[in-house]
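Which chain is which? They are A, B, C and D, in the order written, and residues in each are numbered from 1.
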Amino acid sequence: MKSERDLGIMDIIVNPMKVTLKQFFKSTFGKPTTVMYPLEKRAPPPTYRGMNAVIWDLCIGCGICGEVCPNKCLKMKPVDLSDEEQDKAWYGSHLAKRKSKAERPAINFGHCMFCGFCEDYCPTGAMTMTDFYELADTTREGLIYPARSMKVDLEDAPQLPLTNYMMESPVLDADPCIGCSKCVDNCPTNCIIMDLGPQNKKMKSGKVRNVENPYFDYTICIGCSTCVKVCPADCLHMEPISNSSSSGLSEEGASNEA
Amino acid sequence: MEITSFKQKLSSCEGVTEVSVIRDNVVKLNLGNKESKDFFIKLREDYGFEHCSLITAIDNQPEFELVYHFSAINGSVFVKNSPSAVMVEVHVFLERDTPTIESISDLWGGANWHEREAFDMMGIYFIGHPDLRRVLLPEGFAGHPLRKDYVYEIHEEEW
Amino acid sequence: MSLFSFCKWMAEWTAQKMLIPIFEFQEGLFPPFTNPAGSIADWLGTDGGITTLAWLYAVNIAFAVGMTNLILVIHLERKIAARIQDRRGPMLSFRSFRELGEDLAGSAPSWKFKENYAGIGILQNLADGIKAIAKELIVPAKADKFLFTMGPIIFISSSVFLLVLFPLSDRFAASSAPAGLMVIMAAFSIAPIGVLTSGWASNNKYSMIGGMRSAAQLMSYEIPLLLSMAGVFLMAGSYDPVVIVEQQQASSWFFGIPIWNFIPQFIGFIVFMICILAEVERVPFDLPEAEAELVEGWTTEYSGIRYMFFLMAEYIRGFAGAAVATILFLGGWAGPWPIPPEIWFLTKVYLIIIFWIFIRWSVPRIRTDQILELGWKKLLPLSLINLLIVIFMVEIYPYFSEIVSLPEVF
Amino acid sequence: MAEMWISMGPQHPMTHGLWTLKVKVDGETIVDADPELGYLHRSVEKMGERRKYFMNTTLTDRLCYASSTTWTHCYVNTVEELMKVEVPQRAKYIRTIMLELQRLASHLMWAGAYMPDLGHITGALYFWRDRELFLNLLEAPSGSRLLYNYIRIGGVKRDLPDGFEAKTERVMKLFEQRLDEYADLFENSKIFRMRTEDVGKFTASQAQNLGITGPNLRGCGTKFDLRKHDAYEIYDEVDWDIQTREAGPGYGDCFSRYMVRIDEMKESVRIIRDCFKKMPAGPTLASQIPVRAQGEAFRRTEDSRGEALMYVVGDGSDRPYRWKIKSPMFTTISACPHYLKGYKVADIPAIMGSIDICIGETDK
């Protein structure tokens, strides 16, 4: 809406050139804006989403990071934990003992788009993103980082309360449950116990007996839905039950960064 | 025209059912396929809906649903005490065997490519469209990929 | 001592000391196969042989000086453009070359004169040259292969020809034709043929439009260009650069400062500067290669060293254009004594080039119809007015001042 | 010269992306044009049907790399309407600030891309230099420079970092100073005016019918801005005006579109200042965010390029049943024969650049 001024003969060359001339002197005698890249680098902010790193002491192997990855570039791979790592492992230690091998995330950076969901949805804060970004490689295979190369050790990794960022927890449909306790075996947080079911059931063989049913401790359930996946009788499903009143996606995750 | 009186006027139109106001400035209605063209002409000429925002095709299995969004930019229909521009959401249901409807690209120039896209992605035929070709997919592409029964291959790289 | 007499002395010296013994030795080795036109050693002993050799030297020296200036101009353009745009420009080329050398040699050399070698960017031109030479020369399948190859050759040869035509001072000149400036302008106007040839032969619509635009632009700007030059020729009464510069230096003095041509012929100077800018196709007149709409104009289909030729030739033409402007309007090599005239000349040329660089990075490009309108409707009448003023100054006023004894102004 | 078809694109400096503009020229005058799309089609809508609601923000980020926050916000806004999530007040303010910063960055990106179209490389670097300042601001809370993934369903990812307001104020002050400085270089430059005035003209009624929205519509005198006319977030609470150009002899040409965007940038600075003044304390994310949704919802927001509309249908699962994106550039490009005819070949980049094309959002 502003009316531009009428242009004169000075506006053909001279007035534009005044601007460039001023900038010329400014950047000749001052410092130009650009940085000489390989020699100088700009500092990324503390929130920067660069290459991932996993604090193994905190990782419980729940697989949520692989679950929420939109590109499916993150997979849980079985690894051999040394005794020391076994001792230091937090929640997942029991799982590591129970299963033949513990699982830790491995990332294919060729597919990764650094959206940061794995970091935000990690229930323990084990998955972090560093400010390292020079990941270029000459081969595709070089961009696949196995689980052990993602490992970082942190002296005092804070063991925060488990948070359910998935906003859902498993619920039992008691009828078809056969009491196999597979869910208990695979739960990464030990939030399931088997106890007597609500009523007796009639078995195929004709006997009537009380089948053990799983009971969930929703305060430490992280909503990874591993139990739903392993259930042989399809008696579990996810429902919007969350263990924390405030969901705050990743307030802690940011301060956790290595 | 105020939006409530506009709603009443719309409900008296031919082929219009289930008129309701969702949100303070949006009128939603269902429209029969046969009466669609007359209604759209009326919408543009009488009520001043100058702008066709979007044409969405939905595969509701089995039938198709077309959702038209129109908006009144010049304020011929308005909300009282609010600067909000009024929109109309028109739902038209099409049969799966004959997914055809009359084109509105002669009324709204902006609807031209939306119709082409609906044809491209969902296979809906617009009668009277001047240039009904694929717009995003290449010529000679088989099938209409946003239909729910479109069979595609999930490619996952092993690593 | 002039360049030519220096070359003649050098030619005599080299002929006596090196060339004649070598040819005599060669002829002694193979007596039956002597040159049918006569012995080269004998010919080098004559005056004609020495003169020919001296010309060769002179041309080579002028060429070397021109090419050195070319590299400097390109580097200057890059650096100034970078500073205008708040960048640094080429800074790490020495470092890259050194790293390349380390890779090839397998070990790092021990010497080191600067931490990280940051800031030495002048080798960027060398790197670009190597890159251009290493690239494949692609000829489009449906192109006219002969004309496609001839286009860059015509363009670069006519441009390199320019380098030896203008003198750096009255003593430093490889050519001293009396019609010097006319020859320079003739060499300037060969280029449209090369442009049109390569634009047509590429068999590409962008190239063709670019070539057509270029031809139209160069032709329509040649007329006001020559008309604005005519004023200077009238004043000096000669086409010879040396005479023109002497005339400017000898013309009316203003508190001890000579009034060069750009003051009495200010209109002509402006017209000439605009026209020469269009002639060398720099922004805002670089329509033929307007990269936004025509990709690269008539150079679209060229790759490798051929494309490099076009780029080089443009800078050579820019340099030559600035030199012509200096000779015609800015007093050539004239300047106060302690600094040698060659340096004065180059200083003026570089000032004009820097001015052009600033224009190039300060204004957008104008449109084809606008450029032609400007040429035919504005510049042509202006150059004619300038010519009339000069005719009045040089011919009519002196004529009447003799009759009615007017005071001597011009 | 006889008439001939020139195919500009898919790889052409004019296109600003990947698309083909076939123009029929008579000499240098354009007689007809035929745009072709689809070179950048990534089937975002189909991909979205296979991903959970929250994951789709990564796709919307990538709809347009120059303006990713506005697109993510449009999607998130729609899904919030579908799921009936109440967004905390502070989150709304933060969103508005981020949206306006993104609009500034997007307009600067456009201005920078437009200058080389006119043959003015310095302009590109000047505007992109200023864009870097805003990218730094956007990077500070979100952690990424281009694709932020900052706005989430129910709020924003995290609160603004300490000292963000002071930093923003510093940048905005510098930016305003520079815009005034640039006036001599661009809008007051004679050659710039020669290239942009009376070129690529369309009238307001034409534009409305052809589906041209956003700054391009405001450039021909229509006072229509969805931030006011379909108010979302807290645009109805802060002080700002819609920027248009008055209808006149040079209405709806490239120059008026340029000036509308420049004025809009100044207006965005004003909005951000006002937001900081009025911002309350509180949480930045809703306490309960559902995962599944049933029903249908649509929202339209003012993208940097015009009207962005998203329509989401949920079937009760955690993935959208149908997700439709309306891109403002899709209709604007479809109308390009209307405003290209009669101008010169050299005007094509000037016209197509001035409408601010983004092929990423157009091809989806």
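Everything below uses one rule, namely that a residue touches a chain if its C-beta (ideal position, glycine included) is under 8 Å from a C-beta of that chain, and two chains touch if they have at least 3 such contacts.
These are the chains along with the protein names UniProt gives them: B = NADH-quinone oxidoreductase subunit C; D = NADH-quinone oxidoreductase subunit D.
Model, not experiment: these values are computed from the prediction.
Judged by contacting C-beta pairs, the busier of the interfaces B-D and A-C is B-D.
Chain centres here are Cα averages; for chain B and chain D they lie 24 Å apart.
Mean C-alpha positions place chain A and chain C at a centre distance of 63 Å.
Distance from the chain A centre to the chain B centre is 40 Å, each centre being the mean of its Cα atoms.
Averaging Cα coordinates per chain places chain C and chain D 46 Å apart.
Multi-chain contact residues of chain A (touching two or more other chains) are listed as 12, 16, 19-20, 23, 33.
Along chain D, residues 122, 126, 129, 185, 189, 191 each make contact with two or more other chains. Annotation for chain B: no residues touch 2 or more other chains.
Taken together, the touching pairs give a contact graph of some other shape, not a line, ring, star or complete one. Contacts from chain D toward chain B in the complex involve residues 37-38, 41, 43, 45-46, 205, 208-213, 217, 222, 224, 226, 228-231, 298, 300, 307, 309, 311, 313, 321-322, 324, 326, 330-331, 334-335, 338, 363-364.
Within the complex, the chain C residues that touch chain D are 81, 84-87, 205-206, 209, 283-284, 286-287, 290-295, 361-370. Residues 12-13, 16-17, 19-21, 23-24, 26-28, 32-34, 36, 38-39 of chain A are the ones that touch chain C when the two sit in their complex. Those residues of chain B that touch chain D in the shared complex are 25, 50-54, 56, 58-59, 67, 69, 71, 73-74, 83-85, 87, 89, 108-114, 117, 121, 134-138, 145-146.
Chain B contributes residues 156-157, 159 to its touches with chain A in the complex.
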